[in-house]
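Structures are listed in the sections that come next.
Each of the next two complexes has chain A plus one more chain, namely chain B in the first and chain C in the second.
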Partner chain A sequence: MIDQIVEYFSFPFVRNALVAGVLISLSAALLGVPLVLKRLSFIGDGLSHVAFGAMAVAGVLNFADSMALSLPVTIACALVLLKSSRGAKNAGDATLAMLSVGAMATGYLLMNLKPSSSNVSGDVCTTLFGSVSILTLTATDLWLSAGLSLGVVVCWILSYHRLFDVTFDEDHARACGTNTALFNAVWAVVVAVVIVVSMRLVGTLLVTAILVFPAVSAMRVAKSFRSVTIVAAVFSVVCSTIGILVAVIAGTPVGSTIVGVDIIGFLAMSTIGRFLR
Partner chain B sequence: MTNLVECRDLRLGYGSTAITPCPDFTVGAGDCVSIVGPNGAGKTTLLKCIAGLLKPVGGTLALAPGLGDGGIGYLPQQGPFQRDFPASVREVVQSGCQALRGLRPFYSRAERRRAAEAMERLGVDMLAQKCYRELSGGQRQRVLLARAICGECRLLLLDEPTTGLDPEATSHFYRMLHGINSGGIAVVMVSHDLDGALDIATHVLTLGANASFGRRARK
Partner chain C sequence: MNAKTITTAALVVAALAAAALLCVDSTTREVDPPTPHAADAGDSAEVDIDFTRMNATMQATYTYRLAANPAEFAGKSMRVSGKFLTGVDEEDGERHYGCLVGNSAGCACCAASLVLEFVPKDSYAWPTNYPPEESQITISGTLEMFEVGDNMLRQPITRVPKLANADIAF
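And now, the complex of A and B:
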């Protein structure tokens, strides 16, 4: 098995895939912490569905790079959802449901009406659950994903304390003079970017998993914001590395393998958390 | 302007509809104002207006120069999700220095020392590493009070700070608050617990049908 791993890793694109995958998971885990704490996990889910629809439209319109359309559309929806979740009391929930189902249905409909390749169900499956093998990701995809993820991680570290202030007590942060509306809008954009980027790795249906699993698992054992952040980041990097390695060796789809490892990790953390209590 | 807050012809409400008029009042340095009145009279709304979270529907609300930039310590009503938020006491108290931190990404040594001093002052320094969600109600309020005073606070706004506390914790909280107030920090608070709140108040602001503002003799 070691020989097999060594052999696989003699190919540069396998190494690139691992680096990009780990960076994507890291940025998703960091963003997942405030998202889970603010009870907004489902916004991540909804946005990934929107991104699916946008990708389908981009495919039908023959965009060279589907990200050129899915990124701005997802960002716009993130801003709309953020606004509706704070305005009317329950409308945010319903808006989200309509938006995500509507986007998915439209996307699937368009893919069938005007198929861009002969294998529509294969295309749909890849978009939903990620590439069957990371080897099919192009080098440009990988470097773009890695670059964006690195940018997110740097932004996150620089605004770490402000994130805590706004997540823990938004009213207090506003009373202290923080422009929380602007801050929330900026982070909605960042969440949208991470979702679109990580879709390449795990697919639209599984994006929520790499956003939410690390944060929730970390909250089982860690007791401060800083330790939750660190545990979530380490958890995500470890699970994704194991997931990608297993996927390469066993030939399983990358996205669902990573999520499978996340589930096992979550159960392990829950057990540890029970003993710590 | 020698007063910290001056309100004239203030009308409070949400959106553009005024729900309640508010008597003219001023808050000077070292004052302790207790806001009383029935539910829906606009007590929390008034506090939010002073904190800058809401705009009054009409009238003028003037703050002393610089007060709006970190001079106000605000202790809002607690939302349910903060009770299971994984944050250490130190992190919560430190966030009171966020106005001082400004655009810098990290806290300076001086700001961390301020947080440590605030924790000591309120007797929560032993809890610094503890998780906020594992504290009792009384401990939590003391932590939030430490957060409110750890910046350059000149005016403290408290929204029902003793809700859910047992009588002993409540009287302890008011003693702490009285100590802070005697140190020169003005206090404006909304409280359902009239006895304790009126005990330490220098002024009483009544909203609702018999709206009034007046000084009261401290016991």
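And now, the complex of A and C:
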């Protein structure tokens, strides 16, 4: 087993996948905690479907890199949906549903009407479930994903205190002088970036898992905002690393293997949490 | 935002970036190590990339990489298994041979498949030395980029990857 792991580590694309996977899962975990606390867990699902539709349009228009279209489109949708958390609860629910399924259906239709490769079903499936997408990153994909993930980490560190205020009591944060409208807009952009980048790790349909599982698992054992975030980050990085390695060695799809490890980790953390109480 | 926060952010980014730079191999042409000996393919010679020894995930990865950027693998020896396909080009009357390489990467809906054309060694004569169509074969050869088609100025307009000097086992 150790020999096998060492052998697979000698492949550059496996090392690249692990680096990208660690950075993506770290940024997703940091973002997942405030999203879960603000009851916006399904925003990842909706925005990833929008990104899928945009990727399909990019393929039809022969874009060299689909992220050139999927990122701005997803950011625009995120700004519409997340501009105010209060607004998102009242009116965003139906809007999210319409955008999500509309983009998904349109994307799949376009991919079938004007396929960019001879293997449409394989391309669609690997985009939806991330079966091997993290292992097929080009150098550009890798540095872009890594750079964007690091940017998210920096944003999180620099805005930690404001994020804490806005997450728990937006009205109080506004009363204290925080420009919550601008803050929410900036974080909408960050959410969109994380979701588009995370799609390369786990695929469109499973993005919500790497946003939600680390946060919910961490809340089983940690109590403060800071400790929950740190535990979520460590949980996410460890599960993603194990998931990628197991997938490469056992020959299973990478995205669903990572989510499977997340599920096992969540059950373990729940059990530990019961003993700690 | 105080100096301590900015310093923390800078240190975290620097640490992550340093770790990434140490681990990532971002050379424009990745150098994959050769896969181990093929156990049994009618030919025990070592090849650079042996699809017959890979699991489903690695096969799907290589299939996608080969389809997306075949020039990356030019000059590498390969061994692949798949379905034997053949047909005659209506324009020039030449017979072409291919191998449908594909797997399911763990689930049937995510099949990554590719028709890899091959040019057999001169010792092979159609149809005497060839298997039945759509039968399972294993081919070994060196991937080369062939220029096909030309324009009015006789400039090639397409580069197609093919396994050259291929041995066929069936």
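By our rule, the second predicted complex is superposed on the first by the 266 of 277 C-alpha atoms of A that agree within 3 Å, B and C clash if a C-alpha of one lies under 4 Å from a C-alpha of the other, contacts with A are read in each partner's own complex, and residues count from 1 in each chain.
Everything below uses one rule, namely that a residue touches a chain if its C-beta (ideal position, glycine included) is under 8 Å from a C-beta of that chain, and two chains touch if they have at least 3 such contacts.
Not measured: the values here are computed from a predicted model.
By the touch criterion stated above, A:12 is placed in contact with chain C alone, chain B being left untouched. Taking chain B and chain C in turn and counting the residues of chain A each one touches, the greater count comes from C. In the superposition on chain A, A:252 makes contact with chain C only, not with chain B. Once the two complexes are laid over each other on the shared chain, residue contacts for A:176 go to chain B alone; chain C is not touched. In the superposition on chain A, A:113 makes contact with neither chain B nor chain C. When the two structures are aligned on the shared chain, A:168 is found in touch with chain B, with no touch to chain C. Contacts of A:2 after superposition on the shared chain: neither chain B nor chain C is touched. Touch criterion met: A:219 reaches chain B, while chain C stays clear of it. In the overlay built on the shared chain, the residue A:158 is in contact with chain B and with chain C.
Residues 157-160 of chain A touch chain B in one complex and chain C in the other.
Those residues of chain C that touch chain A in the shared complex are 1, 5-6, 8-9, 12-13, 16-17, 19-20, 23-28, 30-33, 55-58, 60-61, 64-65, 67-69, 105-107, 109-115.
By the touch criterion given at the top, residues 37-39, 157-162, 164-165, 167-169, 171-178, 219, 222-228 of chain A touch chain B in their complex. Interface residues of chain A, counted against chain C in their complex, comprise 7, 10-13, 15-16, 18-19, 23, 26, 117-119, 121-122, 125-126, 129, 131-132, 135-136, 138-139, 142-143, 146, 150, 153-154, 157-160, 247-254, 256. Residue ranges of chain B in contact with chain A, taken from their complex: 48, 51-53, 68-70, 72, 74-76, 81-82, 85-88, 90-92, 95-96, 98-99, 101, 105-107, 129-131, 134, 147, 151, 157.
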